[in-house]
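Consider the two complexes below, in which chain A is the common component and chain B and chain C are the respective partners.
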Partner chain A sequence: MSPAAFALRSLGRDPVRAALGIAGIAIVGALLLDMLLLSRGLLVSFGDLLESTGFEVRVTATDALPGMGPPIEEGNEALRKIAALPEADEAVAVRFGEGCVRLASGRERGVGVFAIGFNRRKEWTILERDDLPAPNAGPGASEVPSLLASRTFASEAGLRPGDRVKLRPGSPGDESVLPATEFRVAGIASFPFDGEGSRTAAMGLPSFSAAHLGGDRPRGADPGGEADLLLVSLRPGESPEGAVAAIRRVAPGLRVFSIEEFLARFGRTDFSYFRQISAALAGITGFFVFLLVATLLTVSVNQRLGEVAALRALGFSRRRVASDLVAESALLVGAGAALSVPLGLALARVLDGILRTMPGLPERLHFFVATPRAFLLHALILGGAALLAAAWPIGLAARLPIAATLRKELVG
Partner chain B sequence: MKRIPGILLAFVIAARSAAGLAEAPGTGVPSILVTRQLAEARHLSTGDVVRLSNDPSGKDPRTFRIAGVYEPVPDPMRLTAKRWEARMHLGDLLGMTADPADPAAAEEVSAIHLASRNRTDLPRLQRAIAARAPGVLVAASDLPEGADPFRVLERFHVAISIVAVFGSTAFLLALMVIRAEERREVAGILRLVGFPRGKILRQVLVEGIAVAGAGAVFGVVLAMATQGIVNAFFQWHYDTALVFVRVTPGLAVQCVLVAVPLGAVAGFVASWSLLRREVVDLLRR
Partner chain C sequence: MTPAPETSEGAVLGGALVEARGLWKTYPMPAGPVDALRGADIRIGRGEYVAVTGPSGCGKSTLLHILGCVDSPSRGTLHFEGRPVAGLPDSERSRLRLTRIGFVFQRFYLVPMLTAWENVEIVQSEAGAGKAARRERTAELLDFVGLSDRAGHRPSQLSGGEMQRVAIARALANRPSLLLADEPTGELDEETGEQIASLFGRLHAAGTSLVVVTHNPALAERAGRRLSMRGGRILEEGA
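The block that comes next holds the complex of A and B.
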């Protein structure tokens, strides 16, 4: 009889105990899997979001997040130099601003405004009607500037494609002498970095400047073309590292990040809390699995000392007894681990749902992301815990004095 | 003289008497306070003279003397931010930032902080200020319902602890089943000499409660003993005075109150499978 078959029979003798052990390992293993999904989930998800825009390199004035720090003062000059690089396919400027829309009820609502230079790649997905028109769209093009509205903005303001809407610079409640500007709603779009219920409008840079939606320059003077962010896409075959080095050479005062560098920065700062808490909890859950299996196996061996001694007396080698115990441990952990995967994925959905209620998070950002690395680590940690847990009972069984144990068991 | 590039001039105070920000005597150099983090990073100490500029290039710097070093108020919302900050008089800040061509710029402030006498009267206060100063946005410093990320984190941690409790319960049940099985014969003998099932059941229940209670108390003691290590690690990592873990009496009681009934249930379930058997069954070897 193989060690696995023997271990299966051993477990089958006390099905309740085995079931409880497997259930415990499944629950703790599910938590372990979730912590592993969490450890890099935000980075993977955020990386996917960044890649979905089609731009591989980002340029800002400082290390602050785009829109959170000072803008690039001479955006036009930087853009010209970057676009002339052989590595660059397209380079566009981005500005972030804030506007207000007055609803039919008379109340004002804030709208996040996002302006980007015209490019072939689009940061958004059109849900209804048209995209923003190309600059100089030719005869018949509307004189009224166009914008794209997010679903929430459109529904709260009662807007449909083709409607007109007035946006004024600033926040609700602000006093401003700057006039509101009328826009035509070209279409409804979803934006990758929008949170749930975000009111967002996207428009071209000229419309943004003309409507003074940048906020910082109410007097309208912006000869250098301020930009909060420059996005650069690369020609096929160009590496982001090479492009980053080239941009740093032509724009030495600016901060240049590839997606990898951007994610590494986030990993060190903004997302580090979840990485650390997941590492701590993964360690604790791994230890818990070890403790659970070690306890069950040790008690099981202690209860079967006579049986083990009898097997040794019948000619079972120490190695064979050890193999049986390793197989028993592997069966317990293997069954628990197999159950922990669907359980962990279901639990991850629940936990992700809780964390995604955090205000201001992009709707498409997830905390728990299934990656091959997470599953591999899950298997390795549980396998390691199974082996370690079997070590003590194996030692017990291997050191067992056969004659003394048999006598003691018989007399007992 | 040292130049400090890129400092976030985040906080200013208006009253000269506050926080020891008097002008350095006889020097005419205004004083500032800098955060401990900035002082450590740039090797600054009290009495040093530094130049500050509100332009990243360091254009048009102004000279200040460091009057002291302070620990910034820990702010969970800015956990990952470098707290390189300086405090100075409002007049000194306006002198650095105001546009000379704009006469109104010297009057400009970003916000006015108010401490209300009665928090329940906040809406009335908001209405009164709005009536006297139209255009001023009046907001309570409390985050609105659903906008507090720490409430979300709390829910997340509660969810994880519930899962951990399920795992622990399975562990406890397995232990209690083993214990019950070990005493199968003892239970049979007790039944044989006339002990009723209820009495044996109570004994196992008490044992389950004792195991769970001892485990919970051990967990609380372990948490209390290790909270300092956890706090020290995170405070070192984020360079903050924020407290991350605090085992409060309420939390300890909550922990024990959850664990003890679970122990009772585990004891009951484990012993029930044993006690429903016949005496002969229990005594059979």
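The block that comes next holds the complex of A and C.
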């Protein structure tokens, strides 16, 4: 009879205790899995979002988040140098701004505006009608600048593709002398970094500048072409690391990040709380598994010391006794771990749904993301806990003084 | 019932199976060390049936444990089949117990979640016996102890006498050269004890070397050789 078969029968001698133990491991294992999914979930999800735009390298003026810090002053020059690099396929400037729209009720609503240079990759998905027209679209192109509206913006302002809408620079309630600019709604689009209910408008850079949506700089006072962010896509076969190094050489005053570096920066700063909290909780849950299994096995061994001593007297080796206990521990933890995966995924889904109701989060951003790394760590931590938990009862059983135990059992 | 299964030595042979000289066993106790054995000498020949009797605490079980290589003497020497046991690593001692020595305990110590068949088979499996050989040997032994019809029963479904018979079958499973029994009738009523005594008689008749520690005079009387112990010494020996 193999140690695994023997261990299975050993667990069967007290099925209620075994079932409760497995249930306990399943629950703690589910929490452990959730902590592991959470520890890097935001980063992985954010990385997916960044990759979905099709741009592998990002350039900013400072280490601040794009749009949160000062812009790149000489954006046009930097863009020209970067676009000329052999590694670069496309390089475009991005501006972030703020505008407001007056609703039919007379109330004003704020609208997040971003403008991007024309490129083959699109950061958005068209839901209705047309994309922004290409620059120099030729005869027949509308003289009224175009924008794309998010679903919420369109619905709150009662806009449909083809409608006209006036956007004023600044926030609702601001006193501003800058005039509102009329735009034509080319289409309705969804934007990857939009949260639920975000009012967003996207447009070309010339329209953005003309409408003063980036601030109250007088017309014509931006000869260098300010940019909050430069996005660079690479030619096939080019590595982000090589491109980053090349861009740093031609634009030494700017901050250049591959997606990996961008995420690493987030991991160190903005998302580090999640990582630290989840690492601490993962450690605690792993320790609970250890305690649970160690207690179960120690109680089990203590209840059958006489039997173990008799088996040793009959010639069972220490290794065999140890193997039986390792197998018993592995069965307990293995069964608990198998149950913990669907349980953990279901729990993660619920928790993710709760956390994603936080305002301002991109709709496609998730806190709990299942990755092979998380499952591997889950298995390693549980396996390690099982082995460690078995160590004490194994020592107890393997070092048992056979004669003294038989004598004690008889007297007892 | 079939004839008694053979032990590994088969028939009675002349040489010493076990030879112990000047055995001392001292237990450290809070009130001071206690000598359970005080210079005991014993020689067990092949095919012998030896009964060890004496009052409680005289060192009978200690002697049995040392002869069975589950305990070590504080002083003295032990040779099993001519081989010194002292200094053997634990793995070799385990192997020796598994293949050359059979143990029968007062409290049976059957594995509760295994059937009678599995209890007899598992020690053969541990010794590395093949499946077919295990099946044949287990059937043979359960038939020998009269429990073929109880093979699928767990210990909790067996009487005390039946459990002890399964334990005897288990002890014989790997064809040991020596069978040691520590108060094998201690937990049984008189009638059932008599059945076990009869079983030991048949084992001896089939050539099995036996050392039985007992308070049961009926069991001791069946032995070819009776040793009495007192105060850690083997005081008298008689046929």
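Heads up, the rule we're going with is that the second predicted complex is superposed on the first by the 407 of 412 C-alpha atoms of A that agree within 3 Å, B and C clash if a C-alpha of one lies under 4 Å from a C-alpha of the other, contacts with A are read in each partner's own complex, and residues count from 1 in each chain.
To be clear about the criterion, a residue touches a chain if its C-beta (ideal position, glycine included) is under 8 Å from a C-beta of that chain, and two chains touch if they have at least 3 such contacts.
This one's a predicted model, so the numbers in the text were calculated from it and none came from an experiment.
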| item | value |
| --- | --- |
| Joint occupancy of chain A by chain B and chain C, clash or fit | fit |
| Superposed model, angle subtended at chain A by chain C and chain B (C-alpha, nearest 10 degrees) | 90 |
| Touched partner set for A:267, first chain B, second chain C, both or neither | neither |
| Which of chain B and chain C A:395 touches, first, second, both or neither | neither |
| First, second, both or neither for A:54, with chain B first and chain C second | neither |
| Which of chain B and chain C A:407 touches, first, second, both or neither | second |
| First, second, both or neither for A:306, with chain B first and chain C second | second |
| Between chain B and chain C, more extensive residue contact with chain A | B |
| Partner chain in contact with A:319 - chain B first, chain C second, else both or neither | second |
| Shortest span in Å between Cα atoms of chain B and of chain C, once chain A is used as the common reference | 9 |
| Chain B to chain A touching residues, read off their complex | 6, 56, 79-80, 134-137, 146-149, 152-153, 155-156, 159-160, 163-164, 166-167, 170-171, 173-175, 177-178, 181-182, 234, 237, 273 |
| List of chain C residues in touch with chain A within their complex | 61-62, 65, 68, 70-71, 90-91, 94-99, 101-103, 105-107, 109, 111-114, 118, 121-123, 125-127, 170-171, 174, 182 |
| Contacting residues of chain A [partner chain C, same complex] | 1, 6, 9-10, 12-13, 306-307, 309-320, 402-404, 406-407, 409-410 |
| Touch list for chain A against partner chain B, complex | 14, 16-17, 20-21, 23-24, 27-28, 30-31, 61-62, 70, 171-175, 269-270, 272-273, 276, 281, 288, 291-292, 295-296, 299, 303, 347, 350-351, 354-355, 357-359 |
